[in-house]
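Shared between the two complexes below is chain A, which pairs with chain B and chain C, respectively.
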Partner chain A sequence: MNNLKHPIVALSGNPNTGKSTVFNALTGLNQHTGNWPGKTVTLAAGTFAWQNTTFTVVDLPGTYSLFANSPDEEVARDFILFELPDVTVVVVDATCLERNLNLVLQVLEITPKTVVCVNLMDEAQRQGLVVDTDKLATELGVPAIPCVARSGKGLAALKKAIFNVATGRIATSPRPIRYDPNIEIALAVLTKELSPLAPLLSPRWLALRLLEQDESILQHFLPEDKTSTSSLVMQHPSTTKKVAPWFS
Partner chain B sequence: MAAANQDTIIPLSLLPNDSWGEIVAVEIMGPVKRRLLDLGLVPGTKIQFAFSSPLGDPRAYRVRGTLLALRANEAQSIMVRRSEQ
Partner chain C sequence: MVQLNSSQTAALQQARQLAANLPAPSHDQVVCSIFDTAQTIAEQSVKKMPTSKINWQERLDHVLTSPILGFPVMMVLLVIVFWLTLEGANYPSELLSTLFNLGEGALSALFIRLKAPLWLHGLIVLGIYRTTAWVVAVMLPPMAIFFPLFTLLEDLGYLPRVAFNLDRLFQWAGAHGKQALTMCMGFGCNAAGVIACRIIESPRERLVAILTNTFVPCNGRFPTLITLSAIFLGGTLYSSNSGLSASLAVLVLVIIGIGTTFAISWLLNRTLLKGVPSAFILELPPYRPPQVIRVLIRSVFDRTIHVLIRAVVWAVPAGALTWILANIHLGSGATVLSTAANSLNGFAQWLGLDGYILLAFFLGLPANEIVLPIVVMGYLAGNALLWPDTLSELQQLLVAHGWTAKTALLVMLFSLLHFPCSTTLWTIKKETGSTLWTAVAFLLPLMIACTVLFILNILLPSL
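Now for the complex of A and B:
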């Protein structure tokens, strides 16, 4: 895990939900950009302080999914998986929650250390929509903070929630997504095998990807000669890479 | 197009302008299917043909409160049942 002296926050979300606006509101002028190694995707990083703790925030590309259908999705997914952010914020559009919650559920399968930022609350209100963020938080098992990033509304509450989740003051408890019984049986077997091999990842998430034969994730774990998966833990990038190179 | 029977299952590409359908199946495999599911096109979802580009491909559909552009070959692989909104 990242030392809490230097906690990292990943900002994810569907395209056009106001991630960069949230990022700017959180970090002000304390920003710089850099390239994710091997990919032509530019990431912006910045900092904010809360309760004497300096958080590094990374603005990830907007995606509908984390299934690595595109370089953007792969970068967003790999960051959340391998940089082990202390908190992942999912910025969602309050005017079309239904579509946005797909990504929230995908993130929650990877990490429970998640905060949902329900942005564009002003737009929702204008459309006559009422979003019950308390109920949403209860259903999801993680904080859901109503925000209007463009005017800075809700940003203090968001920082506080990030701090509380990072420090464990708030214990999140996402409800696991249950699959068909035959898949659950396979998952139980795989999860048991995988737990000791990849201690830093959710074994359930990894088992799901193995069942799907997700090549993009297998590549990260297979040793160079690609003949054995016995050294899963040795190949986990986060065991060799602590903090992304663009962070100094 | 004649008013289709409510129970008739047709490809989304044949849904008349402005009318609604309920998705019953996404008959395509691989990453494209994954992407369509990620966009919320799962069985049971209501979808409306909103408008067409000048050449008829792609077309815009309304789904889950947002607009979505789909190519003709994608719309052909999504089976819908005519429905009310």
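Now for the complex of A and C:
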């Protein structure tokens, strides 16, 4: 658990959803870039205050999924997975919600502490789409906040939701993705086996990766596996320090 | 590293063992479950008011990406593009060639007035000037038509639909669907296509896309294909529909190239580069009216001029070198060029080519567009006066040197399948950072081209 004096918010989303606009609208001019320790990746970070709490927002690369097919996807996934942000905000495009929900569902598999920011509500309206964010929130099991980041609409509600999820005032309970029955049976076995790892990460998520024979994830846990993956997989940082570097 | 205590490590190892013995779900199965859930949730929380704009675009997408109509529409569009290019390029090509002829006369007159030595006139006018003029006259008009048309399709938003259509085939080949886009870029320039492979995230699939990019004819090779189709496969040269039949011939070659791309991708995915294709999301952007002026400017400056300058830059030294090789006599009286061609002749005959053709492909490594002029220069050797100015003169010259429709077909296939040009190879070296893969990119197509020609040479009756 992070010290709530310095809560961290990870900002993820598909490309072209106005994620950067949300980032700018949230943090204003309080931005700087910093290296994620151990990674040769520069991420932009900024701060905003709500109820006397200063939140650090980290802008993750825009991705369509978290399958770690590309360096960008891997950075986004590893940040949510290992830096354990207090809240992960997924910015989605209201005009093509279905496609954007794929990423939301994948984030929810990793962390329940998620807020969905439904951006471009004005554009959706113009296209004749009525997005019921209350219904969406119920279906997903996490807050879904309608926004028009360009004009700043909905940002206060977004900050409030982030605060509430970070402090535990809102308890989130994501609806899990149901896989085919044969996968679910195997997942149940593996999830039970992996339950001792629950304080570190979602056993169900890890079980799914193991079942998919995606052994690249193991390098983060088992030292002998460090060299087994391709050279394109970046070395993971030592996680001895847990405080984000943007404060130093 | 995430620190695990001993019981956690044990649990992880245990689970890993278990997982290894459980049947692995396919990545598609997992992705489909996620997509299905997303679809269900989206359907429940979004209501759609019917608007005409969306319907119009969706209906168009239904046709252009339909499993039945998608491919025929693609073919028809390609034939239209080729046909416009072939027909439209004829007249300006002839005009340019006439202008360059006048220029050559003036240049020769100047050399005579200055009492320049004969070898200097040969090197500069017969070597450099003629090769460069050929490249410009033959290449510029088709490029100036082909590139804008292609950019227009790009601007309309059609190319992502092509990628969508081809995705099924690429998946069958075990390759990434985005390879359809890099392949399309290859039609413009293989070096550009190789750079475009950066959009493919997985290193394995990117390598497959890079290695097979050369199988679609780039703009340097289109003129060769178009010229030879027009002469040998277009029916009677001056019949009214020769343009159309030549377009169809080029289309067939393009389809052979695409087919080879699939086949070799399939092979690579099962041998050197094993793995499963990764899932990806392809955004189909809304159709937009193309910005015609911007398309023209962009395609003329970014592509046409760029490719033309590159071709001219290589035509100058290649023209000089070929002229020198064709005019330096060895002790026996034969020229360096003819000696080299003769030594290659035995092998070339197996492929249904001759030594000059094969030599031209190697000398044309820097730029494929100069292959035909090198062949012509080799045939002419001392008789530079017989330089062909029209397609029918070129046909007479080639036929006089034993060309048949079969030879033309084999030359076109070799041009289609052989090694990429030096610029592309250099780009591959930069993109992969590996000399080994660059060597594979050179040798693999060469082996395929030789095998195909060898077999066809035996199977095909003389045409």
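The rule is short, and it goes like this: the second predicted complex is superposed on the first by the 217 of 248 C-alpha atoms of A that agree within 3 Å, B and C clash if a C-alpha of one lies under 4 Å from a C-alpha of the other, contacts with A are read in each partner's own complex, and residues count from 1 in each chain.
One rule holds for everything that comes next: a residue touches a chain if its C-beta (ideal position, glycine included) is under 8 Å from a C-beta of that chain, and two chains touch if they have at least 3 such contacts.
Just so you know, these numbers come straight off a predicted model, no measurement behind them.
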Contacts of A:99 with chain B and chain C, given as first, second, both or neither: both
Chain B versus chain C as contact partner of A:179, first or second or both or neither: second
Greater residue coverage of chain A in the superposed arrangement, chain B or chain C: C
Chain B versus chain C as contact partner of A:170, first or second or both or neither: neither
Touching partner for A:65 - first (chain B), second (chain C), both, neither: both
Chain B versus chain C as contact partner of A:128, first or second or both or neither: second
First, second, both or neither for A:157, with chain B first and chain C second: neither
Contact residues of chain A, present in both the chain B and the chain C interface: 64-65, 67, 69, 98-99, 102
Touching residues on chain C, where the partner in the complex is chain A: 1-4, 7-9, 11-16, 18-20, 22-25, 27, 29-30, 33-35, 37-39, 41-51, 53-54, 201-203, 278-281, 283
Chain B residues touching chain A - in the complex, by the definition given at the top: 31, 34-35, 38-40, 63-66
Complex contacts: residues of chain A adjacent to chain B: 64-65, 67, 69, 95-96, 98-99, 102
In the complex with chain C, residue positions of chain A that touch it: 14, 16, 64-65, 67, 69-73, 82, 97-99, 101-102, 104-106, 127-133, 135-136, 139-140, 177-180, 182-183, 186, 189-190, 193-197, 200, 206-208, 210-213, 215, 218, 220-223, 226, 230, 232, 236, 238-239
